[in-house]
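Below you'll find the structure I mean.
Note that the chains take the letters A, B, C, D, E and F in the order they are written out, and that residue 1 is the start of every chain.
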């Protein structure tokens, strides 16, 4: 029934390749099916003004799509002179999600910026960005710990995200683009590896939804995040 | 236990005053406690390029805060030269929410723009904007129907929104600013008057949350939206 | 002869309601007929760089129109990414006018920003903004004096403004929009309550004018400002 | 008493040199003492959307200062990414003033853009721009008439402008920069060669003013505009 | 003598991997040592206004660097709101260079946009972008020819580019970042595979240069472009 | 054979008039035939952040064209809100070229900004800007030396620039606009008065070129720069 032939609760193949760029303190290419996102973590000693002197750290994110990551070419945001509303919304989400998994006091007064650049898009880029972004963050923090700059680990539980939706009347896990563009309800679920909730966003796109459907999507998401967290752990070992 | 002395499941006083400006096709001032938002609906015959010729209508929204709607003055977005990320995120949410309650085919090929300008802010401005925005939309559509320009009603079920959160460890309904700034979890719930879900956004802000807590917040939200929908109906009669 | 049926030297009804928003140090809604402007005063301790250390204060103003304050919807300036030429010109005028009535040395090294947001426009918004802006300023200064932060009153004489023009060949006082859009000459007159001149702007819009006509407009303006100053005094008591 | 040693009612030397650039349909360099402004007129067949099809023409103006036209270097507006408020205000004034002297129906459906670029500034640049701008406009219209594209002359009466102010307590004509920066009252007077008024702007800058002083300034301005109009006529012959 | 231990006339290892993204009509990842650039070609049927109706095609390019392609993180140009001067200069160069190798009449009235995004930078990114950009262009044109949309091949001779410079007093081929940042003279040479010149840019950066040195750099560049053209041919077969 | 009737190796008439504006520390109007560029030098004590405390000086340049310097009016860059790619590229070139002739250590920690504003364009504006910019720079440095603020001369050798190209199959010197718009190859050559090379840019515009042609253009350029350097020396005496 799904265009890809997957089962309703079946994720696309997950691959996380680390060490993609030599300059970044942490980096990976995450591939969820045909969605490929390059994630890098950059450590800086300066922090935003509102936490200066607080002893707390900060994690923030930026998101972009290469112009031809999509089936028809998009205008380059640097050329249009502004980041679109969707970009702003997504990068705020990524930053908020990753911060929820960080003990900012253990991180200390430094900032880590996670850049998520979509090389190829096929649905679910924001979820891939969060999942891959956490891997880049983990690698950068490992480096700080190895160098003795951080003493207690600020990352207690991995953070991962997956989309679910109502497609052709059925709840499905991990929507690809053909499903996403037809789905009546679309949701993004961000959780820790141990199943605690960080952020839930469900949105009707043509079809209103009930609490029952919401519960079914949450069940699927819990399964998907479990698989993503396992892939994250394998990648950072 | 709440700073305002309200019960955990108690809304702030709701007031919706219509006919605020003589120019707009629909308008109201919605007051949820000390949060005051002016909502206007403007009907235009042009539609966005992507639906031109489709016979379908469009509803979109813009959101702004007056510089001194907040306790310390914010910079005016027109002067900074760009709408901030929060503004963009909120106005996209308002537009999406209201569109979910519109039969765009019955609306016909016209655009209605809902402007939501916050006169005084005390938490929950985006929810007030959606709830008041629907009233402005309803009034504008009534005018089109009275003029015979629309034959069947495109607004079948009212749309309203309310926030819930975990404050001091307890799920509470309709957060005001003192609660919002301390809440460990913050959620916005957009529903129809008959209780169908349009959009759910829950976000950990310091405390992760469980599915149990999520369910409790949904129960509170359902109660709150019921009261808001009753106020909407009273206002538009 | 006037569309509204007013006498040539008759102002529209004047209403000034103070205490409109709980956050601002001073605020009012001024209504000159169907022109409604919300004015707030915000006190800040920082001053512009060019007077830092001088012991002098500063008063500045910003002006905006809500998108649907006009008969057809205007684009939101925050969305277009810049304030238009008319906006810039008006807010510079408001700031200049109000500063002319301030003893900046008595004010001391602090800045007061007057925000003037047009809720409903029907001609004469800049004059209403100046007149209402002075009320907001007066209330904010009262608060500083009550708190003992200012010892001698920096506001010696109220500042008010009114428009006059040549409509259908006759000098008239306080143009509303139907008159304004047809007037051959349009003028704005800013004076103190005691009749001293602060700024005079007269502009031919289709018809050149003579010194005689200029004198007649000044006579009308003097009458109008007298009535506005009385309303200001009543409002701030 | 004046820094330059001029009499109270004495203009600076006036020079208008035409034919400055080979490309423009009309051009001149106007020099009022040490204030030098290059004015060009460009004829275009397109008109702004709001008059398309009306048979009426349009005259508009743009104003700029070269970065080192002033005693210390100003930032280039093209580099800062926006025209400042003062620039916008001045170019709107120039356009309005010149249009007041044009029979737009005789001009026919075409646009003439007057560019006024300040090469060297020493006070009174906006007045010099209007006076020189009219010369460029006159030359461009002459060319249209010579080519038979316009049959009846749309420029009936020259337009010129001069500043007056209260300097050291005395009304003076044609302020240079040292006077302008100290003046208590500053005014710009735009008139036709035959003495009809187009625009009057008087503004208190530190000292309020009376109607008597306003009258004295108008007398001075009438004298100055007469001399400017004579120089314009000499230049365009 | 070179930091990398290379001979003066030795290129870094060259690798060109095609078919990198599934959406683009042509794509490759070009790696010149540690400089990695992703190049995509996008075919569009619209052309710039200035060639509409001419029957000629257009090739244009855009260039960007991922924020962490460099040793310390750069600000994202989409976030700063403008492309920097270096970016603009480089993308104009890439477009000009590739157009020089295209028979625009054989291409027909369509536009091909080459996007060059630097994944990892180590000197010579603009040359890598041109060399890889030609491969993406070649693949996109192959697809048009295979589909019968183009009948005669518009790409007669490959286009490639290489940098040379004076490093430690000696002319060297293909500067990497450590050399580039120390070079006294820096040049970029764009040629066809058959050795005709398209663009030569040599620039003193601390040391002036003579015609002899210029000749030596040209000899090196000719050798380098030969090797790059061979790699291009191998990649597109 | 050339539209102007000049010999292949003949420059247009060169004129350099100094002391054009009273405010700038150095200024000239350079006229190369009908190309007229106003160049000013402004000395500032602040330097860019990256050399603060280094003891080294900085020379930078900005370039602009007056809107009607060209045969049809261009949009004013200040009004469009950004400097175009061509402007950015040219002003970077001017700055780089002039810096190559400066001993930045002898200049000391100060910045000199060269503003080059094109009053009338007829081809070769960037070369005229460099040649005239050096004269403005020389005059400003002379003033610093006369005042004893600089002890040893930081300008050892004049810097000048000229264009050459292949026009109608023949190498020609100093292209004017009619030649430039038809040339198959276009080059800019920046040299010192003693013939050392600073920057060479040759670009195919329709016709590829050989090393022989490149050599012929260099010969022409050397002749042209010699004449320009003589004019510079005459102007600054």
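As a working rule, contacts are C-beta pairs under 8 Å (C-beta built on N, C-alpha and C of every residue); 3 or more make two chains touch, one makes a residue touch a chain.
Every value quoted in this text rests on a predicted model; they were computed, and no experiment measured them.
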{"item": "Relative orientation of copies chain A and chain D, as a Cα rotation angle in degrees, nearest 5", "value": "180"}
{"item": "Chain B and chain D: spacing of chain centres that average the CA atoms, whole Å", "value": "51"}
{"item": "Distance from chain F to chain E - Cα centre to Cα centre, in angstrom", "value": "28"}
{"item": "Centroid spacing, where centroids are CA-atom means, of chain D and chain F in whole angstrom", "value": "33"}
{"item": "Residues of chain C engaged with two or more neighbouring chains", "value": "81-82"}
{"item": "Ring walk, chain B to chain C and onward", "value": "B, C, D, F, E, A"}
{"item": "Chain E residues touching chain A - in the complex, by the definition given at the top", "value": "20-24, 27, 34, 38, 40, 42, 44, 62, 64, 66-73, 76-79, 81-83, 87, 113, 115, 117, 119-121"}
{"item": "Contact set on chain C toward chain D in their complex", "value": "82, 85-86, 88-89, 91-92, 96, 100, 192, 196-205, 208-211, 214, 218"}
